[in-house]
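In what follows, structures are represented as structure tokens.
Two complexes come next, and they have one chain in common, chain A, joined by chain B in the first and chain C in the second.
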Partner chain A sequence: MRHILRLQVGPVSFRIGSQWRGPVEQLRRLYAGYPEPEGLCDFTVRLEAERFWRRWLRPSVAIRGDYVLPDAAPLPLAQGLLAAEMGMNLQMALGQKRFLLLHAASVEKGGRALLMTGHSGAGKSTLGALLGERGWRFMGDEFALLDLDDGRLHPFPRAVSLKNESLGLFDGMDPARLGPVLTGTPKGTIRHLRPNPEAVARMTEPARPVLILFPRFGRDLEPAIREVGAAEAFMRLTQASTNYVALGERGFDALTRFVGALPSRAIDYADTGQAEALVDELWRAA
Partner chain B sequence: MRDSRLLARLLADPAAAREVQDWTSLIAVARAESLAGSLAWRLEGRELPPRVEALLEAARRDGESARVQALWEAEMARRALAPLGVPVILLKGTAYAAAGLEAARGRSIGDLDILVPRAALPDVERALLAAGWEWVKEDPYDDQYYRRWMHELPPLIHRERDRMIDVHHAILPLTARPKPDMERMIGDPVPLADGLFVLSPADMIVHAAAHLFADGDLAGGLRNLWDIDRLLRQFGERDSGFWPALRERSQRHGLLPAVRRAVRLARHLYATPINWCQAPISKSLDSQGTASEKIGARHQLTATDALYRRRLLARDGWGRARRPLTRLAFYVRSHWLRMPPLMLARHLWVKARRR
Partner chain C sequence: MAASLYAADPPETLRTVELEGLTLLYHRPSGLTHFLAPPAPQILEALAAGPATAAEIAARMGEAFEIESEDPAAAIAARLSELEAAGLVWRT
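Up next is the complex of A and B:
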């Protein structure tokens, strides 16, 4: 591979190789200040031409690596940064077996963590990133890593992937922390945001989870809080986990312990101000 | 290449772990060859860097849950087929796991492969469909192709558990040149405690070698050869009658050349002990040669073997497939072996028009 970046994010390390300079340069800029892994990298990601001539002619980036999805569509070279991000997600989703992987955002305060999960569009990325700028430590917006033995959450503070309307919420941000605006991606317009220095500096510090939230965003929704029983939380989290089935009994044990020990709440909100107020209210009670 | 060669060396000789400089590349190759779990077991208990140990420990646990899931899938098939009263013989990874063989340690197991008598196929098919399996893709040409020429039904997938089952009635396509004696193979299986069966040790090797060299393009070949190494070691140690039986069975199934090639390559890559000749052969030696030299010469790789080795090791430290021409040649060869030329032409024509 011609262009290589080695990247440590929380307890996980990646080796990313690309046939083109662009994606690796953008990645290097986006992840400036992240430590380089010592020794082994857990996962290899490869960005390469789907056919050899596609390296030059209408270049398109196939996402490959230790683990691959056979029918993953390639991306145009202009979206190479997104391809690298998707490549890392794919390795985690298919290959990570050291933790129970929850598709969720997480933030921490005073050593205690809040987990937010929901369908795509529920606002967990946006909420996680906003709270991370307002007194909370940002732990991650894509995957929360639940320790199979001690039940703590490990940070995985990758760059936040801001989508479509939520881009506007971060206009005032230090431009050095923002990646290029990627238009016309399969998920619309995307811009990446580097977590703040505190989140990066404390990326190896796990935290004890104390509250599970299932946020739901809708312009016509009235702000509301609903209690979620352990059984429902369990079912929803199995759906939010990419490796629950593969982990077998250990996954089941970790998840039942998790939902049994923590309160779960669903919240509805129509704007981020409402969401923050609801989170504050629930956090004080937790 | 350097990296896949190092993987083979480490599997054969775990003490070589001391010499590994670039673990990231080694793991990438092992994952690409579906050998990460096997490697993790081979290196268990060695002094390794902590990060490497953590990764291998996760791979070992992963292999363990894969084993449990594969055995559960076999049990599901057993329950569906038990009323039919036909012998159900497990093949490949599930068979190794169910029989508690060394080859199953850390082995990834994908689909469930079973072997049943050809006459029982319609009943087996009906019973599986009734128990929740369904066709992966319904295509009249493929369906016809499988049923007329292949050694298995079109693949079925279980609608709730999302796991595939391949139902075989032979170990090679009906159009392939070697004609294994399936009646003999199916008539002489080893029973397991739960009512399922596995092939006899010699037939297990014959099947693995047939799968590797007489069918397919050698994708995943390093792993299949590793299976063969583990099986040969375990069977050879357990039973002094194993090697003669292997020769006899290979001959009967018309697969002695494939088995011999598998044995030579396993010895070359994994240092598998070979014992074709039980009788001492020193008497027939002239004064120049020693017994071991003579045996050594007979296990030398042939020029064709060297091509196979080239294909088996065609992977670099990023896990990428290398040597496209060698790969293409083996791909073409795999079709050539499967069917006569005219039929092949027709088959490729239909496939090409559909793309």
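Up next is the complex of A and C:
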């Protein structure tokens, strides 16, 4: 690989190699201030031409690495940054065995963590990123890492992937923290946001989770809070985990302890102001 | 026709956790997680003593667990078919 970036994100280290300069330079800018890993990296991501001539001719980026999805479609070079991000997600989703991986955003305040999970479009990334700018410590918007032994959540503060309408919410942000606007991606328009310096500086500090939230966004929804039973929370979190089955009994033990010890709530909201008010209300009671 | 004799994996191959009246069961031989509602967990407990027919399981469960049915053996037979489909019991 001609162009290489080594990146530490929380307890996980990546080595990202690319045949093109562009994606690695964009990653370097996006992740400015992140520490470089010591020693060997946990995962390798490689951005390669799908066929050798496609390095020059209508370049298209295939995502390769320690773990690959055989039917993953390549992306145009203009979306190389997204390919790198997807590559890191893929390595985590398929290869991470040290933690129970929950597809969730998490934020922390006073040493206590709030976990937010839901389907794509539920708003967990946006909410996590907004709370991270308003007095909470941002721990991650994509994966929450549940410690299999002590039940704490480890931060994984990758760049936030802002999508479509939520881009406008971050217009006032320091432009140095924002990546390029990527249009026409499989997920629409995407722009990455670097977490703030506090989130980066404290990326090795785990936190004790105290509340599980299942947000649901819809323009026509009335703001509402609903209790979620531990059994339902368990079921939804197994669906939100990419490695629950692979971890076997360790995953079962960690997740049953997790949902048994924490309250779970579902919230409906139509705008981020409502969501923040509901989170505040639930956090005061937690 | 003789009544079917059912068997289950021994208790040490199962991890169970109670959550809100449901039993979450991790089945070590298959690596699968199951949600069980009563009387399914009690049937598995009864089978820990060895293979049994539906009627024998009903008798083993006896007073420890009351089944609200006029024909407990038939109710247990229905649950046994579900447990069989889930791979948690089998006929010997």
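Simple rule for what comes next: the second predicted complex is superposed on the first by the 286 of 286 C-alpha atoms of A that agree within 3 Å, B and C clash if a C-alpha of one lies under 4 Å from a C-alpha of the other, contacts with A are read in each partner's own complex, and residues count from 1 in each chain.
What we mean here is this: a contact is a pair of C-beta atoms (placed from the backbone, for glycine too) under 8 Å apart; a residue touches a chain by one contact, two chains touch by 3 or more.
Owing to the predicted nature of the structure, the values given are computational and were not obtained by experimental measurement.
Contact with chain B, but none with chain C, is seen for A:Leu40 once the two complexes are overlaid on the shared chain. Touch criterion not met for A:Trp283: it reaches neither chain B nor chain C.
Of the two partners chain B and chain C, it is B that touches the larger number of chain A residues.
In the superposed model, A:Gly260 makes contact with chain C only, not with chain B. In the superposition on chain A, contact is made by A:Phe234 with chain C only, not with chain B. Of the two partner chains, chain C is the only one touched by A:Phe252; chain B is not. Of the two partner chains, chain B is the only one touched by A:Asp66; chain C is not.
Residues 248-249 of chain A contact both chain B in one complex and chain C in the other. Chain B contributes residues 23-24, 27-28, 31-32, 49, 51-52, 54-55, 58-59, 61-62, 64-65, 68-69, 318-320 to its touches with chain A in the complex. Partner chain B is touched in their complex by these residues of chain A: 1, 13, 15, 17, 38-42, 44, 46, 48, 65-67, 95, 97-98, 246-250. Residues 15, 17, 19-20, 22, 24, 26, 28, 31, 33, 35 of chain C touch chain A in their complex. Across the interface of their complex, chain C is touched by residues 229-231, 234-235, 238, 245, 248-249, 252-253, 256, 259-260 of chain A.
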